[in-house]
Amino acid sequence: MTTAMNIIQGHSPALIVVTFLLFSYLMPVLDSWKKNWCATLAIAAHVLALFFTGILAWQVFTTGTVTYHMGNWPPPWGIEFVIDYLAIFMLTTITVVSLLILIFATKDLGHELKAQVSSWYYTLYLLLVGAMIGLAITNDFFNMFVFMEIAAISACGIIAIKEDKECVEASFKYLILSAVGTGCVLLSVAMLYMVTGHLNFTFAAEALVPALELYPNNILVALALFSAGFIVKAALFPLHVWLPDAHSSAPSPSSAILSGLVIKIYAYAYLKLLLKVFPGDIFSMVPIYDMILILASLSIFFGSLFAIVQEDIKRMLAFSSIAQIGYVFLGIGLANQAGLTGGILHIFNHALMKAMLFLSAGAIIYCTGIRNIDQLKGIGAKMPLVMGVFAVGAMSMVGIPTTNGFISKLYLALGTLDAGKPFYLGVILVSSFLNVIYYFPIVINAFFGEPGEEPENDIPVKKLPLEMSIPLVILAAGILFFGIFPRHMLILVERAVAIF
Amino acid sequence: MILEIISLIILIFGIFFFMVGVVGLLRFPDVYTRLHATTKCDTLGVWLILFSIMLYQGFSGPSIKIGLMIIFIWLSNPTAAHAIAKAAYSVDIPMIKGTVFADQAKEESSSW
Amino acid sequence: MEDIIIRMISRISVPFIMVFGFYIILHGHLTPGGSFSGGAVLGSSMILFALAFDLEEGHKKLSHKTSTLIETGGASWFVLLGLVGIYAGTGFLANKTGGFPMGVPGELVSGGMIALITLGLGLKVASTVITLFYNLIEGDSHD
Amino acid sequence: MKAGNLSTYVGTTFILFIFWLLITWSLHYHQLIAGLLCSVLVVIFCKDILIYPNERFKIRPITFVKFAVYFANLFVEIIQANIQVAKIVLSRKMPISPTLIEFKTNLKDDLSRVILANSITLTPGTLTVDLEGDVYLVHGLTRANAVDVVDWHMAIKLLDIEEGK
Amino acid sequence: MERTTSILPVFAALFPMVMTFAIYYVQKESPKLRNNLSVLTSIITFISVAAMYPIIAEGKIIVFELFEVLPDMGVVGTFRVDVLSFCLALVASFVWMLATIFSVDYMSHEHAQNRYYPTLIFTLGACIGIFVVGDLFSFFIFFELMSVISYVLVVHEESVEALKAGYKYIVMTIIGGLSLLLGVINTYEISGSVSLDQIGLITEPSGLALATFIAFLIGFGMKAGMFPLHVWLPDAHPVAPAPASALLSGVMLKTGAYGLIRVFYNVFTPEFLQETGWITIVTVLAVITILLGSAVALTQYDLKRRLAYSSIGQMGYILLGLSLFTHTALVGAVFHIFSHAFMKGCLFLCAGAIIVKTGQRDIRELSGIGLKMPVTMIAFTTAALAMIGIPPLNGFLSKWNLALGSLEAGAPVFVIVLLISSLLNGLYYLPIIISAFFGTEAQEKKFTFDEVPFKMLMPITILALLCLVFGVSPINLPFNLSKMVADMLLGGGI
Amino acid sequence: MLIVAFTASCIFLVLMIFLCLYRAYVGPTVADRVISINVISTKAVAIMTLVSIIFHKEYFLDIALVYALISFLATIGVAKYLQKGVLE
Amino acid sequence: MVIMTTILNMLLLLFLIVCAISVAKTRDLLSAIIIFAAYSLIMAVVWQQLEAPDIAITEAAIGAGVTTLLLIATISKTRREE
Amino acid sequence: MTDIALKLFDNMYYLVSMVLFIIGFHTMLTHSNLIKKVIGMNVMDTAVFLFFVSTGYVAGGVAPIIEPGVEQTYINPLPTALILTGIVVAVSVTAFALALIVKLYHHYGTIDAEEIMRIRSTE
Amino acid sequence: MRLILTLIFLTLISVVMVVTVIEMPTFGNPDNPTNNEVPQKYIEDAVEDTGALNVISSIIMDYRAFDTLGEATVLFVAIAAALSCLKAHS
């Protein structure tokens, strides 16, 4: 027993990733043997991961940063995992949100997918989550690249798995653009390796300081390529073209995890690289932060503007994601304590909100088959729970106080002022207003619209299963809880920011 | 020394036949005649080159491998040529004007 | 392809290609090559077989179930070998420190975990290549 | 049939093992065991595509001798073929008169038919386009080549080997 | 001033919010229990607010720190009640209590009561919360909560008109909220603190400070119906159910006024605003608001709409009083908060009663109603006369003080404005009263004595009586409180 | 001496590969292109063998052997596609 | 000797570029695939020049075999013309 | 100028890989044919691999297959090892992309991106 | 128009790339930053550490084995994604 505890304590960084990989490997075999257990196995993997996350969090809070050397080889030679406060933050976000989405998926998949591919769905889902966790904790360039590719392919997989031609098209678009993105990232990794000779973040960061004198152009081009790659992946404004199709046509749980977590993890990785690896001098050579800020504000604006004109609810949510990822990048671009806190916190908050909104959209589609916003009139009376939590999510998106969206926007706003860029404060406020324009009519029509106005509104409403309502309620409760008591999350994030 | 000269001569012949193959590939008018050139000349060319390397190398593990290569090329090259010819024939890739069927049974269709 | 020449040549060369694929896989730690290249060669041999004959013959050789098992097995084998290192108390994927016998460098049985992983992974890669190819050309005529 | 199968298995295993030895070029017992295992594994896996006795020549010492003679002849023919092609290619006018010809063969075994087909492909001015049953469709670079191939001395040699079984 | 600790403000703010869930839960069991529970909650809230009186009367300030919400950003989650907060909380909870009692019968024939009561009670909590918190962040949070949740009250009817008005309301509210957020953040950025426990957070004129001022002005002015931002008000107030209208007009508008007081006297200082001259903006806007509200009200023939425009005019009084920075004017303004709450609450409730009984909203159709519903119409008359500013009533007292205050400030032009506005008030209130009691003969023939039930009558009567009692009377509690407020704010004794 | 000859022949072979590429690019029919790819693969095998001898790296022979073994896979694939239109 | 090796390398690299451009220019997909196979073949020689035998052997197995066949399988399922 | 030319000549592997990268990028972005896109992606990937492996080359070095007892310069083995993984990744992406193309053709009857867009917009 | 834009874009990238290439460490120079202690240790100790003569093999299977696990996973993902796509749309 003590051996087991020692193993778990000493090796949880490796085990948390390996759990997902191993369980997903086993899924196809289980599919042909005991089909019903696939969902259980997937949930078991998540529960184990939660357990490991807890242990890691405990270790980090008691002893500080945890490092783990794969195969017992020390960093410059082997692969290193580093778990600091920021990683703990991401791990918690990923495991919790993905578990909730998975619970929702167990019922929802039955009507969105063919029966024989549901086990493949779980396989891809587990791999996606595992890759995201790996991305969050790895401290090695090439390992990061590998995890990025796993995440990219599995993300495309869970889009294309739906029997719908738009899904295939969206998935292909996503695949091609993310291949461009990873190509850029790999080229950039090669350039950085060429001038530093290291693949480990820590060592590369050390070596980059002298290298900046010798090869400034190389490093700048590497930075540009990195930015391009991650901006494609995170769907920031000019390169967001893949996102709306992909996120709107995919099955609802896929949309939830893609919008809620996957694009965030790239923003997170970009943040980590930008602040941990590249030397500070480079920022005096090119105004990279200003560029990020401009892109972020454009993203916020255009995402919101496009969202206003959408008719499909999931498409609207997808465009809203573009706007919201803009907030995260805004936080990165501000690069001060408050701004970063807001940006990073928004990763978590938006994960909760957008996952919940997509899931409730999925629940609406599950129960009524309606996707069009105009047809949602009066739906609130028929399914009060779903529309209630949708209203909570919408309020959080807008940034109404006591929801967690308010907290991150508040910190971002403070960050803009700290940085002396009040223009971006205006951007935040205006975009909040735009959010109102496209979120509130849905809620209003759902609750206060006249049901008798349109004849086709008497659609039979299926009963929402418990497995689908529980995640919705938990996420909504989380939104409210972290809006009213944001203290602990903030402390975690501020400690995380303190390392930069 | 003698061995080296011999292998040099063989090498030159190999290169020569390669060249002939490529010139044939460029000059011949249709698919089938090009196949004639490439199949025969390439096979012999690569044999000769590999053989000259074998001579240079002497009897050892590597030269055995080269020998195996010769055998496999001998197996695969004509087969590939055959596959291409059959495919070209079956999809009616046109032959050069003047191609005739020597067999009487097919005389009437030889006009193309 | 209903062609006797191609079939015959394929029948002759497929076993040799397979042995060569095994050679590449097993000698991964001594000469160039390894799991992936060897696996691809193995897979290519099966593709050649499927081209020369037809898909049904290929399926007889390697059914979907078998290939799934090989893929799962190959990847899980990797993870399990990694977990041995954890059991030995050193680290995930530890080789020498994880207690694997090193052998004499240069011999076939050396390198501890390396050869074992390479074998499992090579088979997995072969199976993956074949499955991808089969499924791609099979298209709609699927169960 | 059964006995023949067994001999095929053993024979193929042996050939593959020899192949293994040639490519590894080592006699260490690890290599030997691994080679044997691989060969056996491959033979088991490929047992339905091996060349069984009813498709091939009987293996006798005399067969090897005859084959050696055959291949020597073939090599000479190949060189001749190349010289001919070189002449045609390098001459300015390219004196070709492409011809298709169809002929039947007396060869019974698939294996010998295939060997003949490949030999035709490699030898002067001829190229096997199709082989269906016992009918060859041959493309000749010149009319003379095409006519020559119908009763070719190599085919007779092969027939000789085949009859010897 | 002396600080003391008490749980009462926390209780008063959070108790209704907690009870919301209870009300939501019990409504499935029985509607009666739900109604009673709602009334009980509002009564308890009022009592708990009133229970703070002894402490406040001693001149103490109640401070209660709940928990640290945002680390590194000053203590947030503070509750703080001084005499100004107490005044507003008192009036809010009182009017709310009456409106809730009124609702029980008024709403009994309406649809969706299950939505109405929890929302009503929750809004009560948020509204009390606005008044009792001690820092701008919490203030903003409760302010937004109240604004957003009260949307449900506005669109309760769910008619097309209501939805349109509601949409206008929510959009304007969010704009106001965002601008308020901007103001709060700017304040924090400039001063590093958002606590209301100190005065003069911003004392240096700068572009950012001006932006802050404007942002606050937009945010609170939106709520208070200040001139260019009032557009939502005349649409939103009439469409709500009568008790909700009474609350919107009587109480919720005052949150804007309260916010402006806090901005003028805590965030900035009167001296600062006068030096920079920024306060002129408010003064000018207030005058425009007074005249515009009163003038437009004349053109309206919908009873509730007329009342709503009247509210705009009355809020103008309060803003004027606040912007003059003289003691008397401030007393007048604060007292007018009380007065207007009672008057407008009474008027809207009367309107509700009339609508319940006759289903008639057009003023021109109301002749003779006074004989049909004498109690209601007498109360209406009382409140309307108070509105006009007829001497013994409380409206007179506040206008008198405002007029004195403007003279004190050396601006007699405002007196004229007040007079004109009173005249206009008379012009649009008196015809209603006259036609109600002295209708044509044809209508007198239809005379049947048809009064609303007691539970509706009681709040109306109480409010009308209060208009009378707190007029020119020797024991005028609100007036005393207003004086205390003015002392505190202008004496710098926070 | 012979090494130089080997190198020279390598260069010569690469030049000839260019000519083959010309045929592959221009080639009126797909069959021509397949022929040139076949020729290129044969030449690549020769180049690889030569290079491995020039630089005394025996392990490169494995690569050449792999080529010799599976280079005609692509040819057969294309031929089959050309003939049947499908690969099944 | 060094010069000759350099020339060899340059020619190989030039071949890669020419191949890549012709792939982009060819209208017929099958031709593009065939030229891409040639690209892979020469790429393997380049890997050899860069002393990366492992990659060369992988490229040989993948580029000449698997990728080409997968591409052909795809066009056999779809269509050939661009 | 000569310096630059010489440097470019020295770094011709880098230069060529960059050129290939751009060609691949161009193929990928401008061709509307999906298979062309995939081929372009492959060209781009090989360009990156070529670049990465060239960074590890050491003049006069040999491939890092140790012959015990022989002292010689070896090239840097790390890029080679990494690119081995990279090639597998590229092949996986290619295979998946091709599977998607097959299904796209199944649904839309075309493999041209613009045509697909047109079909989608008309529906 | 689109063509011109593309051309301009590509020219821009090309110029940037060429400038970068000029600045890069010389190809094959043993003093390049890449030839630091990392490959040295691999080459010196690989045989002893891992028992494999092929250093590349020892890197991908031992020093950086986790990458290879990732590689195996990528293959697994590819096949899972491709199969699920092909099956789902049959």
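Letters are used for the chains, namely A, B, C, D, E, F, G, H and I, taken in the order the chains are written, and counting of residues starts over at 1 for each.
What we mean here is this: a contact is a pair of C-beta atoms (placed from the backbone, for glycine too) under 8 Å apart; a residue touches a chain by one contact, two chains touch by 3 or more.
Owing to the predicted nature of the structure, the values given are computational and were not obtained by experimental measurement.
K.L.:
By the touch criterion stated at the start, how many steps lie between chain D and chain G on the shortest route?
P.N.:
The fewest touching-chain steps linking chain D to chain G number 2.
K.L.:
Can you check which chain pair, A-C or B-F, has more C-beta pairs in contact?
P.N.:
When the contacts at A-C and B-F are counted, B-F has more.
K.L.:
Where the centres are mean C-alpha positions, what is the separation of chain F from chain I, in Å?
P.N.:
So the centroids are 26 Å from each other.
K.L.:
Please tell me the distance, in whole Å, between the geometric centres of chain H and chain I computed from their C-alpha atoms.
P.N.:
Spacing between the chain centres: roughly 10 Å.
K.L.:
I'd like to verify one number: the distance from the centre of chain G to the centre of chain H, where each centre is the average of its C-alpha atoms, in whole angstrom.
P.N.:
Roughly 11 Å separates the two chain centres.
K.L.:
With chain centres defined as C-alpha means, what is the inter-centre distance between chain B and chain H in Å?
P.N.:
Taking the mean C-alpha position of each chain, the two centres sit 32 Å apart.
K.L.:
Give the residues of chain A touching no fewer than two other chains, as numbers and ranges.
P.N.:
21, 25, 28, 70-71, 142, 146, 149, 153, 156-157, 160, 168, 171, 193-194
K.L.:
Out of chain H, which residues touch more than one other chain, so two or more?
P.N.:
Within chain H, residues 12-13, 19, 21, 25-26, 29, 54-55, 57, 62-63, 65-66, 68, 78-82, 84-85, 87-89, 91-93, 95-96, 98-103, 106-107 contact more than one other chain.
K.L.:
Among all residues of chain F, which ones touch two or more of the remaining chains?
P.N.:
Chain F, residues with two or more chain partners: 20, 34, 36, 52, 57, 59-60, 62-63, 65-66, 69-71, 73, 76-80, 82-83, 86-87.
K.L.:
In their complex, what parts of chain G are in touch with chain H?
P.N.:
9-10, 13, 16-17, 20-21, 23-24, 29, 32-33, 36, 39-40, 43, 46-47, 50-55, 58-59, 62, 66-67, 70-71, 73-75, 77-79, 82
K.L.:
Mind pulling up the chain C residues that touch chain B in the complex?
P.N.:
These residues of chain C touch chain B: 1, 3, 5-6, 9, 12-13, 16.
K.L.:
Tell me, which parts of chain C touch chain I in their complex?
P.N.:
28-32, 34-36, 71, 74-75, 78-79, 82, 92-93, 95-96, 102-106, 110-114, 117-118, 121, 124-125, 128, 131-132, 135-136, 139-140, 142
K.L.:
For the complex, give me every residue of chain D touching chain B.
P.N.:
19, 22-23, 25, 78-79, 81-82, 85-86, 88-90, 94, 96-103, 117-118, 121-123, 125, 127-131, 137, 139-141, 143, 146-147
K.L.:
Going by the contact rule at the top, pick out the chain C residues touching chain F in the complex.
P.N.:
Interface residues on chain C, with respect to chain F: 1, 6, 13, 16-17, 20, 24, 31-33, 37, 41, 44-45, 47-48, 51-52, 54-55, 137-138.
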